[in-house]
Amino acid sequence: MNKAKFALAVLSVATIGSAYAQSARGYISIVGSSTVYPFATVVAEQFGKSTQFKTPKIESTGSGGGIKLFCAGVGVEHPDITNASRAIKASELEQCAANGVKDVIEVKIGYDGISVGHSKSAADVSFTRRQLYLALAKEVPDPKGGDKLVANPYKTWQDINAALPALRIEVLGPPPTSGTRDAFVELVMDEGCNSFSFIKAMNKADKAAHKAACQTLREDGAYVEAGENDNLIVQKLEANPDAFGIFGFSFLDQNRDKIKGASIEGVAPEFETIADGSYPVSRPLFFYVKKAHVGVIPGIKEYLAEFTSAKAMGEEGYLSERGLIPLPKDEYARVVGNAKTLTAMK
Amino acid sequence: MSDASETARTSYARVEAGMKRRRAAERRFRFLGKCAVGLGLAFLAILFVSIVGNGYSAFWQTRITLDVTIDEATIDPAGAREPQVLRTADYGALIKQSLRDMFPEVSGRRNRFALYGLVSNGAGFDLRDKVLADPALIGRTISLTVAADDDVDMLMKGHIDRRAPESDRRIKDNQLAWIERLETDGRIGSAFNVDFFANGDSRDPELAGIRGALMGSIYTLLVTLGLSFPLAVSAAVYLEEFAPKNRWTDLIEVNINNLAAVPSIVFGLLGLAVFINFFTLPRSAPIVGGLVLTLMTLPTIIIASRAALKSVPPSIREGALGIGASPMQAVMYHVLPLALPGMLTGTIIGMAQALGETAPLLMIGMVAFIADVPGGVFDPATALPVQVYLWADSPERAFVEKTSAAIMVLLLFLATMNALAVLLRRRFERRW
Amino acid sequence: MHVQASEFTRVSTEPGAGRFPAAPEIEGRYHREHRGTVGEVRLDLPRMRCTGVDVHYGDKHALRDVSLDIGMNEVLAMIGPSGCGKSTFLRCLNRMNDTVAGCRVSGEILLDGKDIMAPDVDVVPLRARVGMVFQKPNPFPKSIFENVAFGPRIHGLARSHAELEEIVVSSLKKANLWDEVKDRLAHPGTGLSGGQQQRLCIARAIAIQPEVILMDEPCSALDPISTAKIEQLIDELRRNYSICIVTHSMQQAARVSQRTAYFHLGDLIEVGETDQIFVKPRHQLTEDYITGRFG
Amino acid sequence: MTQTPLLVVLLLTLSSLAYHFGRKRAFAVSGGRVRSLHSLPAYYGLYVALWAVIPALLVLGLWLGFEDGVITRLVVASMPPEFAGLEPSRLNLVLNDIRNLVVGNIVSSAPDATIIAAADRYRELRGISTIALFAATLGLATVSGWVAYGRIRPEHRSRNAVERIVMGLLIACSTIAILTTVGIVLSVLFESIRFFQAVPVTEFLFGLDWSPQIAIRADQAGSSGAFGAVPLFAGTMLITLIAMSVAVPIGLMSAIYLAEYASARVRAIAKPLLEVLAGIPTVVYGFFAALTVAPFIRNSGGMLGLDIASESALAAGLVMGVMIIPFVSSLSDDVINAVPQSLRDGAYGMGATPSETIRRVIIPAALPGIVGAVLLAVSRAIGETMIVVMAAGLAAKLTANPFEAVTTVTVQIVTLLVGDQEFDSPKTLAAFALGLLLFFVTLALNVLALYIVRKYREQYE
């Protein structure tokens, strides 16, 4: 009895030990943006089914978090690909290089609008970027006049503009690790705050102060950091008609039966308005590939090929069914070329 | 009569006077007790009704029959029938073509998308598998039954109201018209959802299955069982039968009792810090999950095993010792066999607890999107309860149904394990 | 009046059967057909009158056809070997057997002429009239004062706190406990010595002014000095209450009681004046028990 | 290495052979008088068997632990010098490629000649290693078994030797519990210390603001990075309070009803059914709370004109309370049953009604035990994760209003750690600090509760 038990224990330890020693990573590891996540998972599934390679493992960590992991180094324990809902920053590339990640291939996969949405059961709303800035910034120009910043005094949307609903300001949005957050800050908050001339002037004098004034979001409960999961935001909006949420257009597109997007500067977030650039808050989506891993981790090249193929990224590809706005023809051709030749960023 | 019986009489009168109030109080209290039990059972009933009500339909899947022309020019332009070419060809295009052929009047990008959206993204792969199995089909037109898109599925199952205004439903008016045409043609039907049990996770609800999560759970539990049972039994035998009473064993004892009540998420933190950061075991792997759950279930199994040992009467030990057996012999040959059923019962209950556990697995990365079915303890995997968590967070309506169905499967497994434990207890229970 | 009891058939099912070897001559001697109670079971002015009481525990016939009167202001002792049914009978008198699962009682038990077995009788006021003291002292985990005040409180016997205090003090005095506890009424009752605890339980019982007090081997867990105090107390209480006491000590029965009933394996064998029972038992079984040949 | 199971099987076979021979030898040395032996012949067999297998297994374990490293080093040494000069991480990648090739995974590109050569070398070395391993372990097993075999004499205390070995194993197993606790404390402590280097302990424990999502780059404006955990404690307490106000009355009353009133039949049905509630995984409760209960509460609140957040503390607390009902009821049931029957008899004998007996005698007598049970339930509620992750909010608000959304310690641990793998930011480390706190709070509650319950048990034993 005891011997059998002992043998069992030994056997299990031995098999585990041996299995570990021979484990070699045979699958692609992908991290990054939750906005790109739904596209990447669909491609990964198709890739897994149509090739002999294993399906890549994808974790949604946010663009910033993903790039951070991606840039941590070269090696099996580091991810091969990171998705990003914004372009990689120069500072991040430097960080990458410092850690030995020298050649990074950039693949632009399409465009996505950032929508400010709310429950379908609420009344339609139209915002300007200035209004959104006033609602969400930590410090705003004194409503009583004067060129100084005060702690954000606005409690309801109506406080900002009488045309807006008389609801408490409650916006669910992503945390700083998210690319959607970065893009929102750049495309909405910066624009909104630059509409005040004295803040715009600060940019020349004190860049850091300008950045702090424009990009710092409220922490008094009006802006709620809802985590990396855009799905969660959608669910919460559905349940709470008084709240707004900030998320990628693809999520709006997928959940048209539950939520709708507010117009920004009078333009509603639609496939066409984002594609033709009339919707003001749109940004490109990317993923980045570690060139050092190509040819070492099996399948990276083929994954690239699958992602950039016409049946995926093309005009009628399955990604556009999911709400990705395809690249213009010439840009698409350039991306495909880059992916084929594995041209790294300069 | 004496004075005493006089007071007895007055006191009796007072007792009688209070009886009405007291009987009412008694009834109230009893009613409260009944309410409490009733409420507890009602919660249970609501829980089950809500889950079964949401989930039973997931076991059926709406399917659409298409006439697909397998066009050689699209899938094998070279005509060489090379498996590699056949495997990677764009079968989706054939499916789309067949839909266009069926509804030639549809034009415009949006409308065509809406049309393609009727069938699942997996349809092309069904076709591929058919062609790979029999390349002679190329050039012929075959009748193919494929899974419908999840929205169509939801519509057919009645979760989407056909009479709701168009803007409020995910199936648009034009799609509704096509579906109705398919219905009149008898091309749309319902079948047992094999995919749900055969597939791994997917972003498409109609393709998503629990096989990957189930295998992940099984691998995790195998590791847990293989480690925790021998460890727990040995520890219990030592502590109950041999350990001297001293500070050290007291410490172990207090430790075990505490560990049994430590929140499971703390074990997740332990796993993250020790197994992943320190020993650099892979993230998202059943081996790490199994190790974490082993540590988590050990106290439970040790406590149950000790109870089983305790319930063996001392007379058995004394009997063995009395005929000259060593303490070790007495335990190994006489006490342990008698305690084993109780230990097994405790182990099964510990395993059931491990099977239902989610929080520590979140900490060690078993929440990634993993479409492949894991093939070993080092492959990335999720587990059943984590799959429930992931699906519960997915926005598609069809995932609500899938989530509930996955819960039903999970509960079925738990019920089986517990029934096994009860059976074992009944079968081997001895009264001393 | 006396219905013939059925035969004893199986020996081994009877409790206590294992205590003596089942030799044939013993079986023959002690397990024979019962032929009714010897002695006068009836009194002129009974407080309680039991007629044909039968008790079953599940399949077991624990008490057969017992008829017995309990008089005013007397101490009635019930004696007999273990498992003879004396405690079972005692517990019928205030329907404590109701709390035992699977116990069925039939027959007629009158208290002051009213049948307490009737289905519409509420056991609560009944037990207020027929109090009980148990084998093991069982004070509630409360203060001494609260222990005694428990009954008056639940039954609403005291109109005011002063009245309650009066009841508590007089009960403690009647139970000969007052002098020992008057300085520590707020101390827990479980902190007293065994004999004091038992007297506390008696005080607790008499605080509700019962007419009958049932005592189930009240001294079996006590030392001789405490026992002597309780016996003295019983003698004093007799003036105001009817007392039934179950005891396995014949000496105790002889010391405290006026009448004695001898039970044997579920049958009431003999009833009589205590002096007569101990000096001139009329039934062979009683005599065997009294003289120590059996039991 | 794939042969490891085979090797283990071989070793076990060898050891059973050793057992057989050991036993035979014992018979032989006894000269047919088994009674002259110190131990039973089987123990001589076991003694030899254990000696044969244990050293060999130790070697096997060590070998497996070092094999890969040694082979890799040899492979690298055999490769062209430019590979040896690679930095470790790149070398690692190359090795991964080689291993993929060796294992037979599909490799991405057509591998170049050096890699193939290296893979061949790897394979070859592994073959050698395997043979050597077989030879070494089986040889060692034979030798050590032989030595043990040689020691067999009638007076040899084999049983004692065997029992010492087994006892050593048992003791090793029982220390796992200690190791686990130490592991927990150390793993959360180190990261917490790093966290407290960045954020003062006092700010963490007494700060009123929780906003951990700090900027991850220098050129980004994140939130201020406030790490005051008081709102989390408040949220946890609020949800726990709601859960307790559901679970304690219902659990206690059903325990009382089932123990004191219900017929055996009702008890036999209702008790296991109630316990089913305890066996349901918490993720199911979370799903139920988020999907069914929260919308229901919100809607019914809306009908009453109440403004209830969709992730109200009420919904999470309510469902958590339901989960804890069986926990409270089964613990209370134990406690109530431990109250001696004599107390019940005493009360009934004085004419107390059942409810008076329960309220005035049983509950006061069982109170310490019930308090212990409730404390254990509280500890459980505080540590419960999935229900709150799925049904409670993320905003750290300091409020006592059950209709508002609050967040809890466990929710924050999960939010901060899921998907996040950077262990240099206070944001991630904060999760460990919360974990440390959670561990100590539940530890204190458990110790207290177990102490109270034990004291209580002793009182009636």
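By written order: A, B, C and D. Residues from 1 in each chain.
Definition applied: a contact is a pair of C-beta atoms (placed from the backbone, for glycine too) under 8 Å apart; a residue touches a chain by one contact, two chains touch by 3 or more.
Everything numeric in this text was worked out from a predicted model, so none of it was measured.
J.: Select, from A-B and C-D, the pair of chains that is joined by more C-beta pairs in contact.
T.: Taking the two pairs in turn, the one with more contacts turns out to be A-B.
J.: Hey, how far is the Cα centre of chain A from the one of chain B, in Å?
T.: Distance between chain centres: 31 Å.
J.: Quick one: report the Å distance separating chain A from chain C, using the average Cα coordinate of each chain.
T.: 84
J.: Could you give the separation in Å between the centres of chain C and chain D, each centre being the mean of its C-alpha atoms?
T.: The computed centroid separation for chain C versus chain D comes out at 57 Å.
J.: In angstrom, rounded to a whole number, how far apart do the mean CA points of chain B and chain D lie?
T.: 19
J.: Which chain D residues sit where two or more other chains touch them?
T.: Residues 166, 169, 290, 351, 353, 356, 419, 421 of chain D touch two or more partner chains.
J.: Out of chain C, which residues touch more than one other chain, so two or more?
T.: Residue numbers touching two or more other chains: 124-125, 128, 154-155, 208.
J.: What parts of chain B, by residue number, touch at least two of the other chains?
T.: In chain B, 15, 22-23, 230-231, 234, 367 touch at least two other chains.
J.: By the touch definition up top, name every chain pair that qualifies.
T.: Contacting pairs: A-B, A-D, B-C, B-D, C-D.
J.: Once bound in the complex, which stretches of chain C touch chain B?
T.: Those in contact with chain B are residues 73, 122, 124-125, 128-129, 154-157, 208-211, 239-241.
J.: Across the complex, what residues on chain B touch chain D?
T.: 15, 22-23, 25-26, 28-30, 32-37, 39-41, 43-44, 46-47, 50-51, 54, 230-232, 234-235, 237-239, 242-243, 251-252, 254-259, 261-267, 269-270, 272-274, 277-278, 283, 295, 298-299, 302, 326, 328-329, 352, 355-359, 362-363, 367, 385-386, 388-389, 392, 400, 403-404, 407, 410-411, 414, 418
J.: Over in the complex, which chain B residues touch chain A? Could you list them?
T.: Contacts found on chain B: 87-88, 90, 92-93, 109, 112-113, 116-117, 121, 125, 128, 167-170, 200, 202-204, 223, 226-227, 230-231, 233-234, 280-282, 284, 287, 332, 336-337, 365, 367-372, 376-378, 380, 393-397.
J.: Quick one: in the complex, what on chain A touches chain B?
T.: Of all residues in chain A, those touching chain B are 1-2, 5-6, 8-9, 12, 16, 19-20, 23, 25, 27, 37-38, 41-42, 44-46, 48-51, 54-55, 57-60, 77, 120, 229, 231-232, 234-235, 251, 254-258, 311, 315-316, 318, 320-321.
J.: For chain D, which residues count as touching chain B in their complex?
T.: Residues of chain D touching chain B: 159, 163, 166-167, 169-171, 173-178, 180-181, 183-184, 187-188, 190-191, 249-254, 256-258, 260-262, 270, 273-274, 276-277, 279-288, 290-292, 322, 325-326, 329, 351, 353-356, 358-359, 376, 379-380, 382-386, 389-390, 410, 413-414, 417-419, 421, 423, 431-432, 435, 438-439, 442-443, 446-447, 450.
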